[in-house]
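For reference, the structure discussed in these notes is given below.
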Amino acid sequence: MANDKKIKAGIIGGAGYGGGEMIRLLLNHPNVEISYVNSRSNAGNPLYAVHADLLGETELTFTGEISSDIDVLFLCLGHGEAKKFLEETEIAPAVKVIDLSQDFRLGETVKGREFVYGLPEMQREKIVTANNIANPGCFATGIQLGLLPLAKAGLLQEVHTTGITGSTGAGQSLQATSHFTWRANNISTYKVLTHQHLKEIRRSLQLLQPSFAGDVNFVPVRGDFPRGIWVTSYLQSDLSLEEAQQLYKAYYAGHPFTHVSDKQIDLKQIVNTNKCLIQLEKVGNKLVIHSIEDNLLKGASGQAVQNMNLMFGLDETAGLRLKSVVF
Amino acid sequence: MANDKKIKAGIIGGAGYGGGEMIRLLLNHPNVEISYVNSRSNAGNPLYAVHADLLGETELTFTGEISSDIDVLFLCLGHGEAKKFLEETEIAPAVKVIDLSQDFRLGETVKGREFVYGLPEMQREKIVTANNIANPGCFATGIQLGLLPLAKAGLLQEVHTTGITGSTGAGQSLQATSHFTWRANNISTYKVLTHQHLKEIRRSLQLLQPSFAGDVNFVPVRGDFPRGIWVTSYLQSDLSLEEAQQLYKAYYAGHPFTHVSDKQIDLKQIVNTNKCLIQLEKVGNKLVIHSIEDNLLKGASGQAVQNMNLMFGLDETAGLRLKSVVF
Amino acid sequence: MANDKKIKAGIIGGAGYGGGEMIRLLLNHPNVEISYVNSRSNAGNPLYAVHADLLGETELTFTGEISSDIDVLFLCLGHGEAKKFLEETEIAPAVKVIDLSQDFRLGETVKGREFVYGLPEMQREKIVTANNIANPGCFATGIQLGLLPLAKAGLLQEVHTTGITGSTGAGQSLQATSHFTWRANNISTYKVLTHQHLKEIRRSLQLLQPSFAGDVNFVPVRGDFPRGIWVTSYLQSDLSLEEAQQLYKAYYAGHPFTHVSDKQIDLKQIVNTNKCLIQLEKVGNKLVIHSIEDNLLKGASGQAVQNMNLMFGLDETAGLRLKSVVF
Amino acid sequence: MANDKKIKAGIIGGAGYGGGEMIRLLLNHPNVEISYVNSRSNAGNPLYAVHADLLGETELTFTGEISSDIDVLFLCLGHGEAKKFLEETEIAPAVKVIDLSQDFRLGETVKGREFVYGLPEMQREKIVTANNIANPGCFATGIQLGLLPLAKAGLLQEVHTTGITGSTGAGQSLQATSHFTWRANNISTYKVLTHQHLKEIRRSLQLLQPSFAGDVNFVPVRGDFPRGIWVTSYLQSDLSLEEAQQLYKAYYAGHPFTHVSDKQIDLKQIVNTNKCLIQLEKVGNKLVIHSIEDNLLKGASGQAVQNMNLMFGLDETAGLRLKSVVF
């Protein structure tokens, strides 16, 4: 795609965390122009009235209208609302849709639109030709990236997984567990062994390793930090550490955002980037896999842009070479 | 007061932060028994249904009723609600009242009840014989303790003050500025130069130094931590550092909770205690006073217990020898 | 023991985190007087020169000398140093020793001193008559309290455990992973499946359930908060949730610091207390056990005082009714 | 400058916080290639061995050598070391130097190199033609940007300033005040009214308003967050709020990184960006100015890149359109 013909993008649900990150990424994307950011409750207001950090970046305003004069539409709506939106709204079939909700991750369709599960490290070829993308969940991305090479090699067994998420994973609604006084210096768990992302995880793993019948035992933890997801998984494995590292490095060799570290990793290495870092350990007969990502980027809006890049034939990293916050 | 005759205490508004701290302090107070904790919305529930940390400490339940068969009543209500409560509720005149709101700090009365401003480091003699106490505000306590010795010596001039408060100062209601995602790692100010505590501060200072006509310029800052208040004040002064230290140490000599440190202080030295630490510096012709306290204890419920101790002839520190959290 | 005859306590290694908490607890203990706090590097300095929060609490100074004119000696030394200290130092045999290091947790002896593993919820009868106590590790305490009832009932199987610890668990030495800039908002793991506490955990569990041969798979996580340990364990179990709750409540019925909550727990419910809270969940055939404690109190100095209380016939909770920091 | 001829940049002191941010910015800068990153202690190691977040971004290694085959040299050394480096090292006169230390901010020279104080909002014309830049201090940048419009209008009077800084301002050396256990949830001050940046601040202000003789009373505060500086200044002023806002907006009209907000600002709006946001309030006869910036970007490495852009005729914002971390 020539540099002088930019992709026109629309954003639905631009006032939330995911929508805000979409705006931030697309504003700086060299091949995209934002045609509109829809938010009924904020129509007419400048984007920086809601996303105050955008003061000085753009004079764009929210709109309450929706147009099909775009190339791609990002849906940044709550779970259940994306499906409803597409059912109720006329969007021209030529407009590609990238949905950040969980509404189409398990094969659901709407008005003939079929959705490709948008995990590039697993589905790049399908994404390149897709018209609609179901963007993976944040935990689902981190956990799958830690397990895909094993699944592809048919080596998955029952997995034990802990995932610790920043508070942005819970969105911007005010609730007891999002109160600063409560959450600061605190730890708690939720949906232990029952998290909704287990469905899409299992679906992917069985696609790669149909024989896989073991549990993915997942303990989700609320961390006392805003951004990022830490995942530690372990399972029985005959692989040596070196074999496992080779397997993982080979799997991710062509993927620009997922890297295997030979050294101890820590969460802040990836905060504010679209990257996933993976570290392996072998203890006795157990293989330990740590995988980390920014839940709002690789786990949401960043991956959505990555999918868009693939769908439109752009460099996969366009607009996604982000400076980590690191400290 | 003999150990076998305990003071009977009632608490109104026991479900909030201040009420919770009142309960925690009184449960461990050697000379007090809690007669009831009133909370309309939680009546019938155990205290630990709201204050979960009390599991295993007490089987007391909230009550919706109010009795005068007590010696002292603590009002832990919002500003404006305390006055309304006393107007609308029949409380026997013999019951002493300690109000944590700002409703009676400026000389207001209700049904003939007159309130002594309950800052023991300034008013201990009056508190000892008081029937009703208006407990000082959290910022007001920290700022005044930093200035009282100067005011008493007639040395106050225009003061420049910064105060940084933990999130508990804003109470438990959910609001944008109490959202963890927003407040973590964030700083902001509010009510700059106009904070409502300036009234009670000025009232005290002028009581001690009637000639004082200068401004107290106060910049309140929202800190990204839950507990504690840091105050730095400075003003023109002819005192040397040594003279100032002597002045302050002499003033606070008989006061068990307020101490002058010769070394650099930091906020966590007093978190979860009823103490106020003060440190002085002299730079050129400016005297700098740092004063720190836990906003929920010395700045609220702890000081309320200190006042109760004085009113009932107990050791001023009874029930208030608290282990600091320190780390 | 009569109130007028206080237990005389010595503290070795009083300048560290554990030593500081010992001092704070014993200063407020109604039945104890601190005879001395030993710290070679700080001899002669007031305690508050190191533990600045103690300003105004005590004028005690550190000493470089060691005396046997005490009833109990607390060793707050690094791992390996406690054994060395007892080998090299003359301590009268009548002096009871409570060691907070890991030097004597696996049955080690020194100069004829045999050590009882000081986990009161498992060994109270032995502690009551013990002369020497090996105080359990912080993670070891939290993990064991989550598993003891199952072990006693012979129901343990392979366990999967995640433990998240505050930074105080790593002591006060300056290192890359204790730098604020690094640790704030960060997550990392260490000693995955190989943590040294697994030895004492396994020893206890097999004492209760000799048949237990499964792994305790333990993933230790560095949390970005100062105090507290969160533990989530799960394992296969035929118990219903109700049966499990009954089992746990029956086991801990007589223990004043460990309680089973029917509601969701969170870490701050126990910070700055000697308590352990436990919550159970049942998902499919898996039993999930959450257990939380303050690593410096129930996981170290608080449990040491609890052990002392038992050894000297005091109320088990004496000096340990601590106000939680809660917020 | 044509896109195909990139500026060749060297970095001295690439292992510290400032050096790391220089690398991150220059790696993504469209018009720059990094020729070398010098760090004696890390020579031969990949950059990601020190800056682990760079894994997957670059295979560059640190070098111990220094070459003049570059266009610009960034000095990211400690205070005092930059001067020493330039005295002891042969750097071709044609190489432009941008120094991030305080060694040349007050007019100091070395080997005939004269340095322009690199605050673009004050000195853009001089920077465009400069060969050497003394990059301003972090606090100095934030405080000056809050005061420059007043100084240029000759309206400065005695100023009262509070500045709260993230921990990265203190660098990566391990010290008591950088220990996570100490700094988390803590507040303290340092160098009250004596901070070394006051010299360069006063120098700038008097350049714009030679009559200015009042104090800048500056209270520096250690905040418990990693990145960012919050500054609140106030002073007597006859300007109305509207007049002040017009003055500030006019002053910063042509400056792409400094913006005046009509709404309440908060620190995280600028973290991980090169922006400075300013908000004004008027209370009585006092004008209050809040100014915020990321201490490592607008307060250090970002401003250094901004200066480089100006010196080489690039778009002032090249390589500096950074996604804020915002949450």
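Note that the chains are named A, B, C and D in the order they appear, and that numbering of residues resets to 1 at the start of each chain.
The criterion applied here is as follows: a residue touches a chain if its C-beta (ideal position, glycine included) is under 8 Å from a C-beta of that chain, and two chains touch if they have at least 3 such contacts.
Being a predicted model, the structure only gives us computed values, none of them experimental.
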Pair joined by more contacting C-beta pairs (A-B or A-D): A-D
Chain at maximum distance from subunit C, centres defined as averaged CA atoms: D
Distance between chain centroids, defined by C-alpha means - subunit A, subunit D (Å): 33
Distance from subunit B to subunit A - Cα centre to Cα centre, in angstrom: 47
Residues within subunit C bordering two or more other chains: 17, 166-168, 181-182, 184-185, 224-227, 265-266, 268, 271, 327
Sites on subunit A touched by subunit C in the complex: 160, 162, 164, 166, 181-182, 184-190, 192-194, 217, 219, 221, 223-228, 230, 232, 234, 264-268, 271, 281, 283-284, 286, 288, 290, 292, 327
In the complex, subunit C residues that touch subunit D: 17, 167-168, 172, 174-176, 178-185, 224-226
Complex contact set, residues of subunit B against subunit C: 17, 20, 24-25, 28, 49, 51-53, 55-57, 166-168, 184-185, 226-227, 256-257, 259, 261, 263, 265-266, 268-273, 275, 277, 296, 321-327
